[in-house]
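After this come two complexes, each holding subunit A, first together with subunit B and then together with subunit C.
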Partner chain A sequence: MHPGVRIGRWSWVWRPWVALVTVLLAAATFLVFCVSISVGDFTIGLDAVLRTLAGQGERVDEFVIMDLRMPRALVGLIAGIALGVSGALTQSIARNPLASPDVLGITSGASATAVFIVTASGGAAIGSAVGLPAAALAGGLLTGFVVYFLAWKKGIDGFRLILIGVAVNAAMQALTTWLLAVADIRDVARAQAWLVGSLQSRTWTEVWTALWLTAGLVLAVLVVAFHLRPMHFGDDVAAGLGVRHGAVRSFLLLCAVLLAGVAVSAAGPVPFVALVGPQIAMRLQRSPVPPLIASGLFGALLLIGSDLVARVVLPNDLPVGIVTAVIGGPFLVYLLVRANLKRPA
Partner chain B sequence: MTALRNDVARLGAEGVTVGYADRVVLDNLDVSIPTGVITTVIGPNGCGKSTLLRTLSRLLKPRRGTVLLDGHDIAHLKTKDVAKRMGLLPQTPVAPEGLTVADLVARGRHPHQSWVRQWSSDDADVVARALEMTGVADLAHRPVDSLSGGQRQRVWISMTLAQGTDLLLLDEPTTYLDLAHAIDVIDLVDDLHEGGCTVVMVLHDLNLAVRYSDNLVVMNNGSIVAQGHPSEVITSELLRDTFGLRAKVIDDPVSERPLIVPIGRTHVVSKSDQVRG
Partner chain C sequence: MEQRGPDASPHRRRLTGLVCLLALLAAATVLSLVIGTRALSPAEVWQGLFGDPGGDQQLVEVALIVQTLRVPRTVLAVFAGLALGVAGAVIQGHTRNPIADTGLLGVNAGASFAVVLAVSLLGLRNPLEYLWFAFVGAAVAGVVVFGLSSLGRGAGNPLTLVLAGQGVTIFLTALTGAVALGDKQALDVLRFFNAGSVQGVGWDVIFLAGGFIVVGLGVAAANLPAINLLNLGDDVARGLGVNMARGRTMGVLAVTLLAGAATAACGPIAFLGLMVAHIARWLTGPDYRFLVPYAGLLGALVLLVGDIAGRLVVRPAELQAGIVISLIGAPFFAALVWLGKFRQA
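Then we have the complex of A and B:
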C-alpha cells in the first residue's frame, strides 16, 4: 500500500519517484532559465547571473539581465507552464493524448482574433498590455465554447471532441490566412512574426499580466483537479465515486482554455508545447495520466530550451515556434502511430 | 428458502418514469430492494433493466417519481453522500493504461477524501481490506491492463468495496467473461453478500441469475412483471411470455434452485419437447 505523508489532519500519498522527477524538472528548468539569461550579444557568467537574481549583481549586469533578458525568459517560463498545464487538462478530460489546445483549435482561435486586432490597429496592438491579450483570450474562449458546444452530444466523447477541434482549427487558420491576405503588407510582416510564436522583445508589462493570470488559474486548477482523478475512469464511475463530473469538467476546460489564451497572448501560438509537454512529463513520471505540475514544468523547460536553441544554435534569431514545431511534429506522428496500433482492427 | 429481510428496504423507487427524448423506458415503476440479499434484475434486451439500475444509482434523473436511499430522496442528497452510502460498478469501465491495481482500488476512497486529506491511515486500511476480500492483494502492484478479464472485474468490485458501503450496484459484472471467470466473479459477489452486503445487479445469463440471487426482478417493456425468489418466479410460462424463450424448468442437480434448459428448433430428442409447426 502507499505510504502517506501526514501533518496533523492533513495527509497525502507519498510517491518518491514522482517527487524526485518533479524536483529534477524544476531544477532543470531553473538551470536552463539561468543559461538563457546568461547568453546573448555578450555572455554574463552563470555566477554573475545568480548574484544578480539574488539582488547583489553589478550595475551593468543588472541592467542587461533585469531590463533586457529577464522579460523574455520569464514570458517563456510562464507561457510554457500555462501551455503544459492546459494540455494536461485537455488530454485528461478528453482521455486522449491528441487533445491539446493546439489540436482543438483553441490556440488558432486565439491567434485569429489577435491577428485581427493587429491588422485592424495597424500593428499598434503588439506589445500593448491590454488589447492583444484581451483579444487572444476572448478568441480562445469563444473557440473553446464553439468546439465544446459542437462536440456535446449527451456528454463529451474524446474522439468526437478531437474531430470537431481539428475542423474548427482548420477554419480558424483559414480565417487567419484571409485576414493576412487582405491586410496592409507592413502589418502582415508584424503579425507573421507573432504568429510563429516568438519571445523577442518582451516587456515587463507583458510579464506581469501573464504572471498573475497564470498563477491564479494554475492555483484554481490544482485545487479542483483533486476531483479530476476519478474522472479518468469515465463519467459513470466518477459519478459513482461522488464527483459532479459535469461541473468539474466545465470548470477545468474553462481554465485550460484561459491558460492557453494567456500563453498565446504572451508568446504567440507556440505550437506543440501543450501537446508534447504533458505526454513527455507523463512518461518521465511513469504516471498513467498527464501529471499537472510536471507537465507545466516540462512545458516551461521545452519553451525556454527551444528559445535558447533558436537564439544560440540557429542563425538569425529565429522565432521559438519553429524549434518547438521541429521537435513536436515527429512526436505528433509518434502519438498517431501509437494510437493507431492500439486501436483494435 | 432464504428468508428475505424485507422489513427495512434501504433502496427503492416509487412511481419512477424515466425516458430519453420521446421514448419512455420506465413507466411509473415501483420497486423495493430487500436488505442483505442479492437482488438481480433480468429481462430481455431493451426492457429497461440497465435503466432501472442507473436510475437507482442516480446516474439518470427520473422525470417523475422518487428514488429513496435510506429514507432520503436521492435527488436531494449530495453526490458525495450518495457515494458514501452505495457503491456502483457501471458496465465495462475503463482504466488508464499503466494504472496499478492498488491505485485503482484507492480511488474508491474518493468520497471520503478532501484536498487536504488525500490519504489517511483509514484509507490505507480500508483499501488493504478491499484488496484482500476480493483476492487481488497479490496483484496490487500490477497494471490493471495486464490482468485477465475476470481479475480486472474483481479489481473494479474491490474499488466499489473501498467506498466502504454495504450496498453495491453492479451493472452486468460478468459481461465479456468466459463461464469460468463469470462464476469466479459471481462467487465473489456471493461472498460479499455472505459478509453482509446488499447487492443489486443486472445479469444477462439467466441460469447464473437463478443460481445466485435471493430475489429476482423480472422486467419487460419498462415494467416489472414478476418479483420474488427464483424458485417461485421462474416458470416456463414466464420465460415464454417475457423472453420469448421455449424452455423446460427442471431441478438443478447441483443447487436447490431451478435450472433453465432452453429448447431450440434442433437437437431436441423428446417428441413432446419439439417445436410444432
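Then we have the complex of A and C:
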C-alpha cells in the first residue's frame, strides 16, 4: 500500500513511481533545454552552458547564451508547460483524450486576431514584443469565453463543449482565411510563418510576460486541482465527496483557456503539444487521468525537443510546428484506433 | 414503388415541396445573374445572353460580364451546391451519424494539402491541372478519417468522427503551411483556394467537375433505396436482402465523386452538406428517396444565395462563398448542438 503524506490542510498519497517519473521528466527536460542552448550556428559545450547558467561563464558564451539562445529556449519551455497543463485540464474536463485547446477553438481564435493585427499593420506588428502577443491572448480568451458561454446549458458538459468548440473553431478559421485572402501577399507570408507556430527570434520581454502569467496560473491550477480527481468519478460522486464540481470545473476551464492563450501568444499555435503531452505523461506515470505536473513537463520536453529537431535536422529554418504536427498526427491515429478497439459494442 | 391509400398524400406534399424548391432555385439563379459589383436589369441580362450586341460598346460590355463572369459562377454554384448537399445527406445516411459532413472530416484540408503540393513541388499553375490533385487529396483524407473512426466498434460515434476529422485537419494544415512557407506562389494559390470561391473558375474546370458530379448524382440515385434499408441497421438490412458490400461501396463512391469534384472546383466549403441534410430531414422526414433530392436542391439554393450575399455584404469587395457558408454554418451547427440534435453514442 502507498502511505499517505500530510502537510497542514493538504494530504496526498505517496506514489514512488509517480514521483520517479516526474523527477526523470524534469531531468530530461533540463537536459534537452541545455542541449538546445548549446546547439546553434556555433556549438557551445554542455559544460560551458552549465557554467554560464551558474553565472561563471566566459564573456562570449554569456552573450550568445543569455542574449540570443536563452529567450528562445525559455519561451519553448514555458509555452510547452502551459500547453501541457492546459491540455491535461481540457482532457480531464471533457473526459476525452482528444479534447485539446486546438480543437476547442481557443487556438484558432488567437490566430484570427493575430493575423488581423499582422495584416492590418502591414507586417509591423511581427517585430513587436507586445502588440501581437497581446492581441493573440485577447483573441484566445474571447473565443474561450464565447465557447464557454455557448456551451453552457444548466452546466458544462464535455460533449457539448467539444462540439461548440468545433463550430467556433470553424468560424474563426473562416475569418482567418478571409483575412489572408484579402491581404497583401507579403503580409500573408509573415502571417503564415506565425500560423505554423515558431520560436524564432524571441526576446526577454516575451519570456517575462509568459513566465509570470504561466507561473501564476499553474499555481492556481495546482491548488484547485485537489478537487479535480474526485470529479473523474462523475459529478454525483464528486458532489458526495464535498466537491463543488460546477465551480471547480468552470475555474479550471478558465485557467486552461488562459494557459493556452498565453502559450499561443508566446509561441504561435504550435499544434498537438496540448494533445500529446498529457496523453504520454499519463501513460508514463501509469495514471488513470492526465497528470498535471508531468503533462506540463512533457509538453515542455516535446516543444523544446521539436524545436531542436527543427533547427538541427530540417532545412531552411522551418518552424517548430511542423515537427510537432508530424509527431502528433500519427499519435492521434494511435489514440483513435486504440479508443475504438477498446470501446464495447 | 407504387403508392396507395394514406401514403399517397405525404408523397404529393413532398413532390410539391420539390417543385417549390426548384422554383426558389430558379429565382435565385436570376438574382445571381442580376446582382453583382455592377447591377444589371433582367432585360440587360437577357440581352447579354441572347442578344446581338452589334457595335454598341455598352452592350458588348454587358454581354462580357454576363457570359464570362455571372453565368459560369452561377452554374458552378448550382452544381457544387447540388453535389455537396447530396453528398452530405448520403454520408449521414450511410454513417447514421447526424454530424457527418464532408467539410468537417478532413476532406477540405486534404484538398488544400494536395493543391499546395502540386503547385509547389510540380510547379502546376493551371487550375485544370491541380484540380486532379485536389480531387485525390479530398478523397484520400475523407476515406482515411472515415476508416480511422469506424475501425473496430467505434463506428457511428459522432464525437470520434468529428475529433478524427479535426485532428487530421490540424495535421494537414500544419504540413500545408510548412510547404507554403517556402513558396510564395503556392501560398498565393492556397489562400484563394482555401477561401472556397465559385468566382473566376473557367469553363474547362466547370465542365470537368460537372461531369464527375453528374456521374456522382447517378450513383447516389441508384443507392437511395439501399440507404433506406441500411438505416434500419446492418443486421436488418442484411436480413432484408441488401447486398451490404455493394451498398456501402456505392455510397462511398458517390460521396467521393461529389465532394471531391465540388471541393476541387471551388475549394473547401464546410457545413453546407450538414446544414442542408438537417433542413431536408426536417422537411421530408427520414425517407432518403426524398431527403436526398431535397438536400441537393437546398444545397444548390444555399450556396447560390450565399454567393449572392457575399457579393453584397462587403461591397465593392466580395466575401467568398466558402467563407459565407462557414459563417452561416457554424452558428447553425452550434444551434443543433444546443438543441441536442447530436447524441453521444
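Heads up, the rule we're going with is that the second predicted complex is superposed on the first by the 331 of 345 C-alpha atoms of A that agree within 3 Å, B and C clash if a C-alpha of one lies under 4 Å from a C-alpha of the other, contacts with A are read in each partner's own complex, and residues count from 1 in each chain.
Methods note: a contact is a pair of C-beta atoms (placed from the backbone, for glycine too) under 8 Å apart; a residue touches a chain by one contact, two chains touch by 3 or more.
Since this is a predicted model, take the numbers as computed values, not measurements.
Subunit B and subunit C, once both complexes are superposed via subunit A, fit side by side.
Applying the stated contact rule after C-alpha superposition, one finds that A:A193 touches subunit C and leaves subunit B untouched. When the shared chain is aligned, subunit C comes close enough to touch A:P319, but subunit B does not. By the touch criterion defined above, A:T119 reaches neither subunit B nor subunit C.
Of the two partner chains placed by superposition, A:S265 touches none, neither subunit B nor subunit C. Using the contact criterion defined above for the overlaid structures, shared-chain residue A:K153 touches subunit C, although it does not reach subunit B.
When the two structures are aligned on the shared chain, A:T52 is found in touch with neither subunit B nor subunit C. Within the superposed three-chain model, A:A167 lies in touch with subunit C and out of touch with subunit B [touch as defined at top]. Contact with subunit B, but none with subunit C, is seen for A:F226 once the two complexes are overlaid on the shared chain. Here subunit B and subunit C are compared by how many residues of subunit A each touches, and C touches more. In the superposition on chain A, A:S111 makes contact with neither subunit B nor subunit C. With chain A fitted onto itself, subunit B and subunit C come no nearer than 15 Å, counting C-alpha atoms only. Across the superposed pair, subunit B and subunit C touch subunit A at no common residue.
Put simply, subunit A touches subunit B in their complex at residues 1-2, 4-6, 9-13, 95, 223, 226, 229-230, 232-234, 236-237, 239-244, 286-289. Every residue of subunit A that touches subunit C in the complex is listed here, in rising order: 96, 98-99, 102-103, 150-151, 153, 159-160, 162-164, 166-171, 173-175, 177-178, 180-182, 185, 188-189, 192-193, 195-197, 271-272, 275, 316, 318-319, 321-322, 324-326, 328-329, 332-333, 336-337, 339-345. By the touch rule above, subunit C contacts subunit A in their complex via residues 99, 104, 148-154, 157, 159-160, 162-164, 166-168, 170-171, 173-175, 177-178, 180-182, 184, 187-188, 191-192, 194-195, 270-271, 317, 319-320, 322-323, 326-327, 329-331, 333-334, 337-338, 342, 344.
Within the complex, the subunit B residues that touch subunit A are 57-59, 78-84, 87-91, 93-99, 102-104, 106-108, 110-111, 113-121, 123-124, 127-128, 140, 143, 160, 163.
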